[in-house]
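Two complexes, one shared chain (chain A), two partners (chain B, chain C).
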Partner chain A sequence: MSTFGAAAANHNPNKSFEVAQPPSDSVSSLSFSPKANFLIATSWDNQVRCWEISRNGTAVASTPKASITHDQPVLCSTWKDDGMTVFSGGCDKQVKMWPLLSGGQPMTVAMHDAPIKEVAWIPEMNLLATGSWDKTLKYWDTRQSNPVHTQQLPDRCYALTVKYPLMVVGTADRNLIIFNLQNPQNEYKRVTSPLKYQTRCVAAFPDQQGFLVGSIEGRVGVHHLDDGQQGKNFTFKCHRDGSEIYSVNSLNFHPIHHTFATAGSDGAFNFWDKDSKQRLKIPIS
Partner chain B sequence: MHNKKEACRNFQRGSCQYGERCKFLHVIQQQPKSNAFGFGTQAISHQQQKPNPFGFGVQNNAQSKGVNDFGNKQSQFKNTWTRSSASSGAPSLRQPDNQPQATNHRCNDPESCKRIIAEDFEHERPLWKLTCYSHWKNSPCDIVGDVSYEELRAAAYDDAKRGLSLQSIIERERNLLNSKLVEFENFLRNPYRGPAGSAAAQQIPFPGATTTVLSPTTQNTVAPQSNVPPSVSSFSQLGASLNTGFSPGPSVQSNNASGQPTSFSNSAQSSNVFSANNVPSANAFSFGNQQPNQSVVASFPTNMANFSNSSATNPAINQFSAAAISTQNFSSSSIQSPAFLNVSLSNSEVVGREATNVQLGNNLPTTVASGDSNIWLKEKWTPGEIPEEAPPDAYV
Partner chain C sequence: MGKKKKRVPSKVWCYYCDREFDDEKILVQHQKAKHFKCHVCHKKLSTAGGMAIHVLQVHKESVTKVPNAKTGRESTDIEIYGMQGIPPDVLAAHYGEEEEAPSKAAKLDIPSTQLVGGLMPGPLGVGYPPQSTLGAVQPMYNAAVPVPPVGWAVPPRPQPWLPLHPAASVPLSAPMGYVQQPLFPVQGVRPPLAVPSTSPSLQPSQIAPPGLPVSAPTLPVSQPLFPVVNNSVPTQSSPFSASLPTSVPEGKGSIEAHSSGSASLTGGAGGNSHSYASGPNTGGPSIGPPPVIANKAPAIQPAVNEVYLVWDDEAMSMEERRMSLAKYQMHDENSQMSSIDAAIDRRILESRLAGRMAF
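Now for the complex of A and B:
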């Protein structure tokens, strides 16, 4: 993203390690391989890049490995569960499957009528789910050119999260559609967001009891699926600075501890525990 | 020891300070977790292993996995949520909403809802303005027409590829922003056409009391002359400074006289602005707009004067400087034509066109409804049917 004048002053306050040969435009998504230390980044410069991340003593090193190009900005990416293949989709309305570990060439496996905002690989079904601004969600068997199923959404897909069998889709105008992937053709439930403004991101609980929803108003909602647990729902404010209210761009659960991280447009990231309702402070060594 | 019959609620929440000494049972899985649809059956076993590795409430999170010693460090284990104090500043966890899932919020108490809206707009306006909005969680949107960051950016990139100049891209975005801001302003002034999506352009179902309060501000109080909200700077991703040339610029809100449902929106336009900006903006509608403007315009100035005063006091409309009401240009409708944006944005509803419809009718008090006075209720005027005389006061 362009830096506005002095904004570049301290762009690395935590002394984080920066990857080599970074993208030349904004990064739209990041995915680590489930099997190895490969990092994929998609960017508005139309590229999907892969680095191998390794330790170098106490430092972290990154080695650019490969990259592919789309015709238009790339918005989303995900790895296949075998850690061999990457899916990436974006404004060119296609998803490319890139078997990069075997050195293969990318092929188009999905198409929509409008840019594809989210992509998710569902290993239990062996299908790729894609959400697009054409208000549909499609399921793809990568060997076939037609989707296995097309699901109509009430509005453009803005966010997607899958934790089999739970899948939550956040759309424009604050709809949240919940699916049971054991019965994907029917919406399990449709909920209006507990937040008052545009939905930005969603994340399913690792135990599938519910999900988090983040919005542009610096707030995260914790929502449980079960009616009996609705009393545990709550929202909290975050990523605010005085009167400036930034959006929460990303939510991610820790796979083991079940705490989660939020990243916001204020340039900060935080860690939270929803069960004790606290923000976690991590000492930075 | 004590008879441990009951389950310890703190432990289940992950932070019991008594540990072994606790007189309640430290069991996690109490009731069978009633899964909505069998979710998490696997996960239940996980639950039992999760003894809260983080020592909740501890400020310094040692990240040690199993180590938790529930017995000690009493002071650090808080099983209640905490509002983060000054140390961390911004991030905080709010009080859990004690309201039950208000699935069907009906605005039974319109006053309090209005207060909520006013407060929201005062304190809880996110930096990104192109958003839908609802004043009540879990309720449908009161203002529709979401545009996400990526959509706007993708549209800009597309335009740039097609050769549009940066300036025109910025112009388009600015218009989009302004029309959205106007929508929000309108909503604030007049939230009750029955929130969320009620049929367009109908009478206000709302009791007269509010209309008196609101009516002075309805029609169009302010000329958005310099309504550059600071947040516009967020658009400068395209690298251009938007603070230039804002003078008459931003108020470009063309009428949608033709083909688009227009709204008797509340912002005044100076017709100079109109001609200056709308015409070049390739907006097919601007043409038709001029006419209604002209005819209606002349008769308004006096009325306008009143409005501007009242509006000036309304803090919510600050952005739109009330200054130029004297511009006799009451625009009957001034929402940027969404169609203009259709080129790059896939859905016209992105611009909240529907919402503007909804806003419309409410500006008109429910009083008279005679035959030809219906003209004042019409959302969309075709050139030629615009009445020559000023609307009766009831409709202004």
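Now for the complex of A and C:
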């Protein structure tokens, strides 16, 4: 509690390594390459930047590699599974495909009628999925200029997560639409968020048995898809400080341990284990 | 003595955050881990005050709020350990919602015992540990009370039961649950019995006292007295707690307060909780806090928790609102974009009108 003010004064309390030449405005998304130590960051300053992250003894070094510019703030990014190409989309209503490792130029591959909030690459289908505030979800084959399929959503897309064949889309009005990507044209299920406030982020379980949903009210819900497992659903509060309740901005699972991290507007990140329902303590080195 | 018929309160609960637990040991562990833990070195202390002092002395930092506490329960001054130290009004409020039935049943028994409690243990009270304002405990005690009456050793307290100090009753209550504390001889209550003449005045229900006068020396009985007393009073706990502190010093003065009966009860109730909670080691901790608690009892808990969402706009997400800021508007040559912006502006206006952006 008393650290709130302190945190504002010290912008690096954990003495983390800061990348060289950071963005000049807020960072909207981060993405590591699946094949190498390349980090992509998109920002409200309209840029998509790439750094190479390497070890320098006990320290971590970052080398700016390249960047591209959009016309307007960029909101989302993802790597292609081959680690050669980056997709980025944002308020300019386009998604640019950038084959940066082969030195190519970015190319527009997707368009919507409103800013594109989320983008996901689905290697099993070789398609790019994009969710936008125009209440549609579109699937794109990057070689064609028209979407392969357009899926209507009940409201603006706010969050998206894919763990083939599970895909969960969080929209405004607390809708959560679950798709089975083997049959992407039909909604598998539509549920109302277990949280009583606006959905901010979603993350699918690595074993595809369910998903996490985070809201603006400092709460995360754990939801299982199978009806028989509904008893294991629960929600927990987090990122609250005294009488202030912060939004949970991002959820991410560890690919191996199946624990997950939450990041909140209170400037903190936590690690949790949903099976033991505990918050994990970060060992102090 | 016979088996104590104490009824376990439905659940013990944490004063700071209102969570419930199956038994007090778990509650104490919870409090140590969540509320009494130093945020700098993670050392677990035994009370909130202790934690504040540790942080001040060791880390040279001042802590004013109990971590993870609800608003209104964050004071580090109020001494809570497990279920001990909870102000009677808070206690009553918490249990009032839960078990209406049991407490009502208990109340029936109490009227008779009230007298007993009233009697003040004055001197006895001294030995008595601080009564915890466990209103909840009351129901339990009722049962207990009837049993001991037999043995009630009316304490030699000469004072006719008038002097019932509320304070006296308070101390008694603490031990009640388990502690046999002969110290208190709750007997304070008893003395009234001894004075049959006075007792009629006393008794609102004194049925119990009449039986008591018989046995003077067995103090242990006193404990049950409190519980009973408390039970009847539960509703009145708050007024009493306020009066108790004052009456204690006087002893006699409190009698008037006692006659109302409730005062002593609250003390007892509190005490009961203490005893219940900390049966094995009631002596130590219970004695310390009660006086403090009694003083704080009158404190009013804020009814409303003042929490607020830092981002509270349900109509649009943070990014949508941000997009409408002037700084990002320079790119909107496209009609499409401006129509989106117009829509966003409209939403902002609507929600402002709806008073949603109060913060």
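Definition applied: the second predicted complex is superposed on the first by the 277 of 285 C-alpha atoms of A that agree within 3 Å, B and C clash if a C-alpha of one lies under 4 Å from a C-alpha of the other, contacts with A are read in each partner's own complex, and residues count from 1 in each chain.
Operating definition for what follows: contacts are C-beta pairs under 8 Å (C-beta built on N, C-alpha and C of every residue); 3 or more make two chains touch, one makes a residue touch a chain.
Since this is a predicted model, take the numbers as computed values, not measurements.
Superimposing the complexes on chain A yields a three-chain arrangement in which chain B and chain C clash.
Contact comparison for chain A: of chain B and chain C, B touches the greater number of residues.
In the superposed model, A:Ser243 makes contact with both chain B and chain C. Of the two partner chains placed around the shared chain by superposition, chain C is the only one that A:Asp71 touches, whereas chain B remains out of contact. In the superposition on chain A, A:Leu225 contacts chain B only, with no contact to chain C.
Residue contacts after overlaying the shared chain place A:Asp82 against neither chain B nor chain C. Of the two partner chains, chain C is the only one touched by A:Asp92; chain B is not. In the superposition on chain A, A:Glu124 makes contact with neither chain B nor chain C. Of the two partner chains placed by the overlay, neither chain B nor chain C lies in contact with A:Glu18. Using the contact criterion defined above for the overlaid structures, shared-chain residue A:Ala114 touches chain B and also reaches chain C. Contacts of A:Leu166 after superposition: chain B is touched, whereas chain C is not reached.
Shared contact residues of chain A with chain B and chain C: 1-2, 28, 44, 72-73, 75, 91, 114-115, 117, 133, 156, 158, 172, 197-198, 200, 216-218, 240, 243-247, 265-266. Taken together, the chain C residues at the contact with chain A in this complex read 39, 61, 63-65, 67, 71, 305-320, 322-323, 328, 331, 336-337, 340. Put simply, chain A touches chain B in their complex at residues 1-2, 4, 28, 44, 72-73, 75, 91, 114-115, 117, 133-134, 155-156, 158, 165-166, 172-174, 180, 182, 188-189, 191-198, 200, 206-209, 215-218, 221, 225-228, 230-241, 243-247, 256-259, 265-266, 270-273, 275-283. Partner chain A is touched in their complex by these residues of chain B: 13-15, 33-40, 43-44, 46-47, 50, 52-54, 56-57, 59-61, 63, 65, 78-79, 81-82, 84, 88-97, 100-101, 120, 123-128, 130-141, 144-146, 148, 150-151, 153-154, 157-158, 236-237, 239, 346-347.
Interface residues of chain A facing chain C in the complex, by the touch rule stated above, are 1-3, 28, 44, 71-73, 75, 91-93, 113-115, 117, 133, 156, 158, 172, 197-198, 200, 216-218, 240, 242-247, 265-266.
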